[in-house]
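Everything on this sheet refers to the single structure shown next.
Letters A, B, C and D mark the chains in the order given here, with residues in each chain numbered from 1 onward.
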């Protein structure tokens, strides 16, 4: 693969060779996969780690005294170490495994929300949240009597910091839950400032890092966050595994979310006691094979390096914005300064679904719809957008194919 | 492999060849894996299905209009059909995917328990439940004011049907939650009778099929159950995927458990509406790769056939009970008539942990401890037992190795 | 449909590739629907809504004195397929009894899902251009959404979804 | 430890295989612990509990007038390793100041986890037979459980767990 604008030290051809699926054709055309923000493809290292587990070293964890169980427990728990290092957690016990970001947020909404928050306190989110960071707080509101506040987003697709500060001002916000990077605009939020302001006003902060952790190095200590969540399948890892990081003292104070094996201290019918964190929050047999896959994904990303990834993706995004700007009637949605490799757009005379289908016919996979951000769409006066999103394996050439294919869509429709 | 007592039409050597891990050695000895009740090993068909998904046909489901997403959605939803057929569900929409049995039970405890049950109504469980079928009902009791009743178990390890009937008699039990097969004794409960009695007394029934579905054909219509749960990893499938089956009208009436993408009808900050069942209960990106693996596991088991599996395992269990009976000081716990391939035992002068370690040194993997059934252990006056459990790949020879190894343990300790 | 300038580097044009789905009649009805708009007077209406993609449609029905569907109008936000389908639907159901209309939906749904219409009469043949969606499972819902809304209106229900 | 009749079909005996873990001294202390039982009079006590396997121990401490640990007793349900460890612990801490006892725990924990004890004195050498657990991660907790309980007793806390 001949990449016109390689980032220094970043060999996209070699990276592509690590992803078996990228050699596929779709509808007779080479696959141009521009839907990584929905879910990323998996490198050979991840596939191999999962296969290796199932072929050579598998048993249930934590409760076995035999070799297979001990070794599988070691491997499962080693993922906790890898995630703790990835996020710069203080302590490995601050890492809780969940199914995905959605479950991680629901866990906090349930355990911190119902367990610690009081009726009348407020949760503050933003207009550009994914449904995963809206609906759990609505459900908390309806079940528990908390308030749900929403900070506005500007026309450029950035958080309206004045509105945000105003919504914090009365001191009744107990928790801010906000995205680190928008899955619609690609905008990075000024998360350090957001957190500082929240803390000044007595609120804890949950950061939805589902998109951000894929593209940027995250240091929860430097950010000052209280909760950070992400999902394995977007970080080139398996489905079925996600992460909640939270400060140890918060996890200690929170009641468990689900009950069952592995999360208990002791059980009697009258009364049970809970295991120490993080086990208190991991009821039942965990996603063992998936955790082991996630560790391989983190290792893969770390070996390439976030700096190289960020540089590659910044170059891709610049290239994409430049190419898309040349297409008549195409409008890119969101014009934030600080943005990553997610580009939403509309095209005059062509609905996003039709764009997606016509691109698909040309082998180009993009997403179309509300991107699980209906309130944001409504705010923008849109029904839907088409969205191209980039990963470590995306090439400048693929963006050229996207642009050329979009030209053909335009000509087809107008 | 020379199997002394082959079940008719059942070629255990061929089956073993399908499980790559069984060729491993442990501590220099051939692996004798007798811990399948904790989690089963995975056949090549499951591994291949997962690899094939990741290498050739992967994208996020439900929300994509492009080829990869459409095909992945088809494959994910085809698992729902396979599970519906496995359990004889009326309708594919009655199948909800969860992480494991534990989450499935927690889902019911939360959505049916808090959403439909009233304070003062009771949940009736038995003394031989796994923690997964105890703790969620305790948490419901403590949060929602329901009562928790426990039906006794007899010395032989069977449900005390008189006590069960007595606990139902006042009509205040809204839900019976009971195991289909004990993970400690291997006992099958007389589930049709249990359900009939519950229904006569106005209670719905949740059946914990985590163990049973591995060994016997389950027909939820014939059983008359209202909820049935199982977990993929014990059925030779991946971790990270479990199943809740429930009657359509129950799922319709129940509020959602977790909020987020994929489970919504529409979202606004004021109010959101829910998607139809089963999607209402599947928030966020599901365990896609794992669902696809589970379908392969079901296909694998169905191809061998439950009848052949049951015959093989019955022969193994008889053989094991006969062999263990010859070991001095060894006591098998639970003497139910109707039982499957799970055998718990204690040995005079040797603690279960020491037995497990000494067996491990001989390559034999068994479990030791309370088996996530502490109240049952207390009822039996035990701290812990050692447990050998069998799967489709277990051979009579392996049971002979277990017996010989246990003889050596006995000699070592006494 | 094979227009100059649409061809890419390959040997087929985009129109060749998607001609089965985006037939000329769909593009036309999608661009210039004849029955778009809220009826000034109507007897029944219902909304339809596809939560997975955000498509919405509202259908308005005016009955004739004999109970047949006199006129149908719709307001929609959606793709070319769903708008063309709404527009073609309005055309074919005019003058039909509600029972007929329901039967037509069943026939149409079968066609959209399978691509086949073994017993299509001349009227139903007008919907044939939409049969190409059968190859695109998630787009089937775009084509059937207005019909779901129409069925809800005939049933006196306020809304329908096509998930 | 190499007894007749223990040898299986292989060339090594079970005792050869597990001799690193189940040394004779452990088997003896496991079978006939000298310090088992609740003290008739004690100044501090605490329970220890390993939720993953169900092992439980309760440790009782009687202090001397100078504040050193005069005697330690324990009640336990558990495996040979945990009972032998409790018994050996009771032996080595007798006459030690609480601060010493804490330091001994750290030394012992390191030994149990790694198999090494670079600065073991003669007293700590008595615990050396337990160093074999380092090869069995889940059994390390069996060996350290009584120590966790003892630390809790010294701290005036009622309980400890070794998860």
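Points to keep in mind about this one:
In the analysis below, a contact is a pair of C-beta atoms (placed from the backbone, for glycine too) under 8 Å apart; a residue touches a chain by one contact, two chains touch by 3 or more.
This one's a predicted model, so the numbers in the text were calculated from it and none came from an experiment.
Chain pair with the larger contact count among B-D and B-C is B-D, by C-beta pairs in contact.
Centre-to-centre separation between chain C and chain D, using Cα means, comes to 77 Å. For this pair, chain B with chain D, the centres built from the Cα atoms lie 36 Å apart.
Rounded to a whole number, the gap between the C-alpha centres of chain A and chain D is 46 angstrom.
Multi-chain contact residues, meaning those touching two or more other chains, occur in chain B at positions 27, 63-65, 69, 264, 266, 353, 357, 368-369, 374. Annotation for chain C: residues 52-53, 136, 139 touch two or more other chains. Which chains touch which is summed up as A-B, A-C, A-D, B-C, B-D. Taken in their complex, chain D has these residues touching chain A: 49, 51-53, 136-139, 161, 163. Here chain A touches chain B in the complex through residues 20-21, 24, 26-27, 31, 33, 35, 38-39, 41-42, 46-47, 50-51, 54-60, 63-69, 99-103, 105-106, 109, 130-132, 134-136, 138-139, 148, 150, 231, 233, 238-241, 256, 258-264, 266-269, 271-272, 283-290, 353, 356-357, 359-360, 364-369, 372, 374-375, 378, going by the rule given at the top.
Per the touch definition, chain C reaches chain A in the complex via residues 3, 5-6, 8-10, 14-15, 17-18, 21-22, 27, 30-31, 52-56, 77-81, 136, 139, 142. Of all residues in chain A, those touching chain C in their complex are 27, 29, 349-354, 357-358, 361-362, 368-370, 374, 377, 383-384, 404-405, 408-409, 411-413. Only residues 62-65, 69-70, 73-74, 264-266, 273, 275-276, 279 of chain A touch chain D when the two sit together in their complex.
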